[in-house]
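Here chain A shows up in two complexes: once beside chain B, once beside chain C.
Then we have the complex of A and B:
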């Protein structure tokens, strides 16, 4: 997994690319999120448009990102959730937990 | 041959021998003070007999025989007396360099004053008396200055008297002075031994001291007999004693050099000693044989004797090389292949360390080898410590505290660049603000021995000066270089060994965990009249994060669980063990399914981190009625194929357990009729992947189960596993895979 990030309208947009499978991926995303939380940038969008595949550990990373942001008063939204991940979210019923949007712009709009 | 000629030759030989030894020793390591002093001492000792021999040549020369003692040569003969001050210096620096810490090194020259005076008195006696006499006369003149010059004049006349006395009796006076030097030197040499504890040094010193004792003892006897004692030896006795003294002293020194590495003379020089001595002896024997051969053969071969003797000489010449080689080899094997020979040190060291895997013991062997064979005084280890992931000093009795060295330490960076043993002064540029440099200074470290494998610095040895105070020779540095390579291998082996032990221990633990996990799974599915059940769980590693369970409840129902913890291996296995225990205790307490899941979720949330969760399906089947209450906590939808071929997915429930706190769960109820199939699985089955990275998918599972709905549970499970294995033959499977298949039978109809 590769991770790029940008800021738009004061919202952090993280864009992982490839497969989210735990191990180093988890620490990469965690470090980034903790950086954001420490810098008081607590509105985060994870853009999943470039993610081909995600296993149970990858889903665990999303859950813990959601939890740590919420615990520090922030908020996480997902954008461009692929069908594969969407079905994973549906099966695990996490679809009721995550706010997901078709595009990053919609997610940004939802923050305002 | 007259006795005089033999004596002359012997003097020449012994003198030449000593000078040869002196040159070799000095040349081998000119930078070493001990080598310089020993060389000077032996060279001067060699000058004595050379001058004596020259004197004999002069006094017996056919044309103008001159008495040696009247010649100018005799005056220069006294040069050799400088042997005594050098002997004294030698006694201060051997076996321990006690002069090293002496502040006023220039005061050393005082010990040469008596010999300088002797030389002046002997060489310039005529000029000296003239000058003194002139001064005395000048000082004795009448005038104002008498008051001042008077006492001076008296002093000068005494001095003149003294010089004349010394000149007349110089042999006895300086003989006594020299003997005092000898006794003092012997005293120092003997007292120096007390500082020694190293076995190799002790045996070496013992031999060297015996050489000195014998040589000096014979010399003292000869001297006392010829000049000082009232009884006088004959000249022959004195000469024999002196020659014996020279040969014994020099011989034993050579022996110590060859056998005990006295002066750390390089192997090649020690070999050249052996070679020179054996060749000289052999040549002497040959000359004797050749000279005598004609006389020996003439009575036997008569007129042909000359011819036979030539043939004999040719045979002798042919044999020279093999005989010389043979003697050379014999002597080498006796003297050179000793414990202190470098090849032997390396061989012995590698033999010791190759089978040693205990790091502490290994360090001990390294330390002992360096102390015994290189006479290193103290060895300090600085090694990379795997536990703290930093370089740190290894505690010793002397410095029991482990000091961690910062990675940014300049000195450590400097050492990291080294490949060979290096004097610490060469790292002068890296001293700035370096804590390591301070530590090394405090421990008086002289030499750094880096230990590097292909890429990394494993650490280094910091060596102090040698016990003797001598410097490290280039031979020592070469040896240290080779030893450090072996140390690297040994240390790496030891680390790998410890790691492999650790790995074996972990593997044992994991297989024990696997056994526990197998014991936690039901040994066989419950046998019910209403249904036939098959179940299987295959971990992708030794232990897995999936499980299934069947629980007999008090109301006659059978609880069915299938669960999949996120992740794999040991962490997932620990989590499912916890989940299984909680489910069992919750349901046997009679809690409803939603309550049970709520409690379970809450417990898992509080005991694990937020990225750890599990998907789970739980249902309770009433064997008599076929009623099935269930709840799905984020698990892959179980497939229910009705007897008529229609399909339902059991979705009702709630969120995965362990992700978020305070979750509520719903449950649903359905009734299982005859020939219905309930198929539960984990994502290991649906996410099996072919070589094009295409997943098996849930849809394909549904189709497969649907098309095989007429098979019994056991066959269905076997066939779908076959199909998945043909799709993705990875063994063991990529992910933990668990299946539970329940096929309802006709028995239900009787009760339903």
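Then we have the complex of A and C:
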């Protein structure tokens, strides 16, 4: 997995690419998220449009991110959730936890 | 063993998560040789990654020298995959449901639930030498 990040309208947009399956790659997202919180950047969008698939490790990272941000007064939104990831969110009932948007732009609007 | 070893339709890795990507590359590569739908390949790859993660962390307790073996068989339009470790196994019934309200926000504990959801069957073979999980998926 590769991870890029950018800031738009004061919101951090994290864009993982590839597969989130555990191991050293997956910790990239976890570490970056906690860097955001430490830097007081607490409005975060994870753009999943370039993620082929993720397993339970990836879901665990999303939950950890959601919880960490919420506990620090921040908020997490998901954008461009692929069909494969959406099906996992439905299977695990996590679809009820996350705010998901079809595009990054829509997720940004939802913060305003 | 210090690095992945491939022999036919079998890959063996040391117990370290850094080799998960090697297993995925191997499994997806073999499956693509059978003209299987990409979505099904992803379901199988996700399931194998869950089982290999479990084998490394729980079965082999992340002891690097202990190997995890993944073997793929193709039988009558059905894929069978065997994931073996050197652990003592476990009781699937004893695992908490990850979709129960009290467990929904836990960061771990969904792996086998996802495997059971995506695959046609999941069986466990526990012997004195270790544990093998066998998953199957019919290919249309």
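Going forward, the second predicted complex is superposed on the first by the 111 of 112 C-alpha atoms of A that agree within 3 Å, B and C clash if a C-alpha of one lies under 4 Å from a C-alpha of the other, contacts with A are read in each partner's own complex, and residues count from 1 in each chain.
Criterion: a contact is a pair of C-beta atoms (placed from the backbone, for glycine too) under 8 Å apart; a residue touches a chain by one contact, two chains touch by 3 or more.
Note that the coordinates shown come from a computational prediction; the quantities given were computed from them, not determined experimentally.
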* Mind checking chain B and chain C on superposed chain A, clash or fit? -> clash
* Looking at the overlay, does A:24 come into contact with chain B only (first), chain C only (second), both, or neither? -> second
* To do: For A:49, decide between first (touching chain B), second (touching chain C), both and neither.
  => neither
* Asked: Of chain B and chain C, which one touches more residues of chain A?
  -> C
* To do: Could you look at A:68 and tell me whether it touches chain B, chain C, both or neither (first, second, both, neither)?
  => first
* Superposition on A: which chain B stretch among 347-355, 689-697, 707-715 or 743-751 collides with chain C? -> 689-697
* Asked: What residues on chain A does chain C touch that chain B touches too?
  -> 22, 55-57, 59-61, 63-64, 67, 91-94, 97
* Residue numbers on chain C that touch chain A, as the complex places them -> 17-21, 24, 39, 42, 45-46, 49-50, 53, 98-99, 104-111, 113-114, 117
* Structure fact -> In the complex, the residues of chain A that touch chain C are 19, 21-25, 52-57, 59-61, 63-64, 67, 83-84, 88, 91-94, 97
* **Contact footprint of chain B on chain A as seen in their complex** => 22, 26, 55-57, 59-61, 63-64, 67-68, 91-94, 96-97
* Structure fact -> The residues of chain B that touch chain A in their complex are 564, 566-567, 609-613, 615, 633-637, 653-656, 659-660, 683, 687, 735
